[in-house]
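Right after this note come the structures.
Two complexes are shown next, each including subunit A; its partner changes from subunit B in the first to subunit C in the second.
Right after this comes the complex of A and B.
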């Protein structure tokens, strides 16, 4: 276990590398660099504590007592290092035509047409403390949508370049997956590849859908293409059974702070926001494996990155606090040869903007992305019996066929997740089922409702109305749009500690909206084939539009649609080969500063329809190798006389 | 400690699941009384209600939320309705809402947002918002058991259990028999028992307009779901035929 020091302790010496942020990317980078002997300082803005078992139980009980069980529900608010929360958004009653239909009241200032409905967590371990653990690889054509389908941006890397790094990342994350299926999907190209653990069993809901639909063909009338349905298991960073065919014996890691616990998923069905047994992988595991050369300081909010006039960065300024509710702080300075920002896409952009660095291209903060997610919900027929919702991991299978191929020209691609948690996300079930079946809360005028069921009739009704819930969560690709951006205005918007708050300007373009539209029609057809009653409803209710509401027309058909945020913030310091149009190169080093890296989902020029953590981890591991080479090169003995030796063989890798 | 002899001690095997049983005689009278009369409200056996360990918390919470006197009046009215062979339709609108809140507490572990009319009628001093009185209350929610589930984030059933088909829920008649409950309508404002294969939209939750809407304030589903293979013939809510007039003299509070 690594040493945790105070802010003052952290400032006492010089480091080889400073990493800003103790989430997935920062933790794996620190692990790699530390293992190579480099002195690394990790500065985490948020609280620690969950790395101990009592601290973790405190988070669990915070979740149990929360009325709104949102992704941040298990973690306490922190004014010194505030996190955005999905509860910060509210719809506007009877909105003016053309005006935003929402208000934002929290850490984010939002001035866009549509809400950015995504959160993250500033706490040791970062948003990975509440992630689902879904780790699908990106498709090969995701890396070149501009040249292949004429939208979005191309990567300076290919899927093939990332194959070894994906494999590395799957080892670090601890992934349970079905290698053969992923090979058939075309995302794993090594025929000998195996995942560290056997795949997580498909839920009964998955089997139910699979059995009734078989390989049914669904017409996507927007893309004007037929798609044959086939479910694929989801690769997940969740403990199952070690796979003996894996490249090396795999030892499962369970809970941090409690030995021999959480070594297999037991089906708590609460991966988001918290896995009570820690069978879901999180960065605290990597932190537990940090060597002594890695130093961690929590409650250290980095305010600025310092640079010399020649462009090299020298270190970071940061502030600490004692009481998260009323932060009073002083400033510290830590110095290092390399500075790595790994604080989340939006936080990285905020830091670069406030520091006035890396922005020759003018692209810092631009191209903000997420996976706008369309929720569809239906009741399976009573005759088919219960489907068993609210059990197991959030989703265990999906329909992948709408993710790639020429349909992407007509509409954004999408990935259909078969939800295992009933109508929870869409309607607040099963609690809201109890409320509406009882008839509690009053009618439109506030009077006590006459209709409702009680006792045995209530119990029977809920057994059926909850037990048959189906939900399809459809994550749609959002491509890079420079108009979707993070800015700051320090004169107007600062947090309690004096740091500028992110100002978000967000919208969905025509291509994405058409993708959501097509996804809705596909979901309707799937529910029809299942004989399920479709209760999906995104229309305004008594003049109040749902969050993320918009109206879209394709071929004279008009639909009310609404999307939710997926928590997949990306694209604020995109990578590319041209310093005029991108912020970092393929190694995630800033074009402007030779020893400043910005890593994480912010570097991605596109995110396809894959949950981005795995790709982010692959990129972080790739950067770790490059940073090691940077540090080693800087310490190579001075050559006294010119030698006829060849150039460093490791340097030959050209950044595409 | 003196344990009063009770008739139940002689023939425990003949008791229905819903009966308090001999153990109950060792508990404070008011808790036994509370649980006994919560059986017909919740549709769960006294055994299940005891086993939550939260009965005291719920009774205290309900008293605090409704007011000591008003809760006592509701409780008297409910017991009288049961004694006279009635169901919840015998309660006044405000008492009906209190009964619903109490059931919601048992089912979800949270005290709900009440109908504003009932909130005003009860002259409550606390805010009319949903809250969870204790973390353990969420964990003991009964709703999960209605569909053979478990609370999300507690009582995990084990690796791979999610791949297995859950059993069918028990029918109303079976539940009534098992719990020893009278054959009366456990519903208000509805013409007949709701057929599981045809649940009307007004008994289902609709879209949650934002994540900040608490579950007890989620609107009901839109009346006509989009066309699908399933025929649409909802049970129409009965006109206000249910007795709205006070059923007992103690109804001064409502």
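Right after this comes the complex of A and C.
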């Protein structure tokens, strides 16, 4: 059970390390440092309570009663530590040419050409409280796109450097995966490697697609290359059957809040935002394993990192609130030898900017990334029968072949996820199907529509329209672009507590747009091969563009396209070897401050086409080892006086 | 219940030889299973979304009874026996007498979530210390006494014949942690006296508490979070009050109040039988659904039988069947009793847990086919997708 203290209690003493943020990265770091005996304080801005059983049940009820089942739907709003929400964005009717086609309300201020459609959650456990649990490793060539394909930025690390840390991270997360497939994909290089748990089986939709497409070859006309399709299972941080071949007997971890509750995945299909049986892994499990040397304080919103004139940091200032609805707050100070920011890419950048630290390079807040995701939806042919959507985790297999290789020169690479949740993301199915079938919403004059159906006809219609839904969600790599950035303007934009709100300036460059374009054409071809009817539509209707809409032309072909945010906020304090062009080094230590670390997806110079959590965890574990060495080195005597030696060794010898 | 009732007739004592020990362990399986329909009825008759503390309390005990049943099967397999759970006579006829038990104990019936149901649960889980001492030949008054007899018999046999002569079962028949988990404690293989004693201790401690406390020993044995033993978990619901830090088994709970709303349950006529429903088959689908429930319950027992007889991975097919039974029972409870007189009294339909040999005959081919299609191999990944859903 996690011990929490009040803001006053947290300020009462000094620590070896202060970690800002109780999400995945902060939780695993605290676990490691705490296990090594270091006194660690974790400051969490969120309200707390998610780690208790009543809190968990409350999240479940909040999700059940939410009208829009968006990722943050399970968690209550918090004025003191506001979170961005995907519902904050709205399209502009009849936008002016060249002007943004959206407006943003809520926590983010957005002044870019295109919307940043990604959210996160400022609550104990972080955005991992609503994540899907997808944990693919990055491809080897993802780490060197600049030198290999002349776009994006190279990492100061290679995939090989990260192999042992990936393995560690998979143990901490509790990953169910198919080791042999991942070895064939080239992301696992240790031939003896096994995952802690057996893979989650392929869904019926996966098998449907696999069976009908086999190893069909799809021509990507943009990259001008043929690609042979082959599905690979997705490694997932989700309870499955323990793998006896794993290096140590693996025990599935139970739930948080109620002893021994968590189950194995049984396909409840609401992983985002919350698993009703806690089969999905989340950071509160790691927190439950924190040793007593780790102290947690919730409702502590860190406002600034404090530094001395010599460049070392001394601790943080934070404000605490008692009521998430009316955040009257008081300020406190906590001090430590090492400060680690683990508060999400955008929050880390906001904190560094407000603190005026680590920005010699001018790169803090820059290179903001995400995986712009192109949704494609179609109905499988009636003759093939239903495909069984809305069962199992969000997706269980994907086509990986478009992720790597020389095609990346011509267009951004992409990963095709075979969706298991029908048109849920694209159109709000199945609720939208029910509404349409019932005739809800009326005609455009507000009159009751005559074409609503009910009874057996309703059931037949829904069975036909929902049961055949196919969706391909295609996550496209977005490479680092210094123009995509987080800034602050405390004079104009503050939240209710008085902290500066993030101002986002976001766009997609030509390479990314071409990647989305190519992905759309590939999806069309896949649907054709399946004999499915493509209903994908990203064009404006009645003057209203879809969110993330843009028009793109390649080789005289023009398409209306639109993307969604993937929830993969990254960049903002990228790592590198040169302090002039990067914010942190390969250990995620800031170049400017020897005892200030900024960890998380913000450190990544590129994110390939992999959901970034696993790589973030591998980096956090690597940093934990470095911080341990820092702390140990700072405590060792400068010179160790040798033990008293005999005055005359020769003489000693003789007498002996 | 056939083994248990036969033994009951012979009188209660300490098993003196291996065949007797095996009969006692088969009876133990029947005793553990006897609680499951009773607790299922109490839990699933709660109106969905209400009485959450009670729901999750009953659920945690119910799942631990499944653990006990599995540990009893492991014990029986370890001493060279063959668990026999996949036939109609394995299941008690409710209201049922606890096998070997003293006649002074009340009969155990199927009751909806209510103070009376909790009273029954408390009877089942009564700790030794709170139960009257059994008189010779009078039967036991607590399940702990029953398991204590098994332990004494086992220890005596090992002393007399040696471990190797007693623990002759094949290791491959043991159900391990990979194939089952999900509440306090853990399934583990039984292969010698020490693991057998531990299995018996887990069963007794989870039910009635360890060393004269209100707590089980999940923390001591498995390094898990300590929980109240079953009797005390139920007593919290019965009294709508949680235990305080200084309460002993003899004390009523003295901690904070728990929200228990007895009205948020579907009242049932627990003695309803399929034959009663059949009379109204023309006017109500309850008959058909109640039969279907029992048939699926037969399938569950067939899967468990397979899991306990050399194919532990068959547990993977038992679990979706349990989820199906949850949905089916919740649907039944939402329907008024088909008998208009009972419906007028506000009573609802309920699963009857009556199992006929014909139901096992009906499901057996499907069960066999599904086991074949699933191709479950020890240590290998589980993929049920070749198995058609029902």
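One rule holds for everything that comes next: the second predicted complex is superposed on the first by the 636 of 656 C-alpha atoms of A that agree within 3 Å, B and C clash if a C-alpha of one lies under 4 Å from a C-alpha of the other, contacts with A are read in each partner's own complex, and residues count from 1 in each chain.
To be clear about the criterion, a residue touches a chain if its C-beta (ideal position, glycine included) is under 8 Å from a C-beta of that chain, and two chains touch if they have at least 3 such contacts.
Computed from a predicted model, the values in this text were never measured in an experiment.
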| item | value |
| --- | --- |
| Which of subunit B and subunit C A:637 touches, first, second, both or neither | neither |
| Partner chain in contact with A:258 - subunit B first, subunit C second, else both or neither | second |
| First (subunit B), second (subunit C), both or neither touched by A:98 | neither |
| Of subunit B and subunit C, the chain that contacts the larger number of subunit A residues | B |
| First, second, both or neither for A:528, with subunit B first and subunit C second | first |
| Touched partner set for A:199, first subunit B, second subunit C, both or neither | second |
| Partner chain in contact with A:191 - subunit B first, subunit C second, else both or neither | neither |
| Which superposed partner A:537 touches (first subunit B, second subunit C, both, neither) | first |
| Residues of subunit A at both interfaces, subunit B in one complex, subunit C in the other | 61, 201-204, 207, 240, 264, 266 |
| Contact set on subunit B toward subunit A in their complex | 39-44, 87-88, 93-94, 96-97, 99-101, 103-104, 107-108, 110, 112-118, 130-132, 134-136, 138-139, 143-144, 146-150, 152-154, 156-172, 175-176, 179, 181, 185-190, 193-194, 196-197, 199, 201-222, 225-226, 228-230, 237-238, 240, 242 |
| Residue numbers on subunit A that touch subunit C, as the complex places them | 1, 53, 57, 61, 178, 198-199, 201-204, 207, 240-242, 244-245, 249, 251-252, 254, 258-264, 266 |
| Residue ranges of subunit C in contact with subunit A within the complex | 49, 52, 56, 60, 177-179, 181-186, 218, 224-227, 316, 319-320, 323, 379-385 |
| Touch list for subunit A against partner subunit B, complex | 60-70, 86-87, 89-91, 201-204, 207, 240, 264-270, 274, 276-277, 378-379, 381-383, 385-386, 388-393, 396, 420-421, 423-424, 426-443, 446-467, 524, 527-528, 531-539, 541-542, 544-547, 562 |
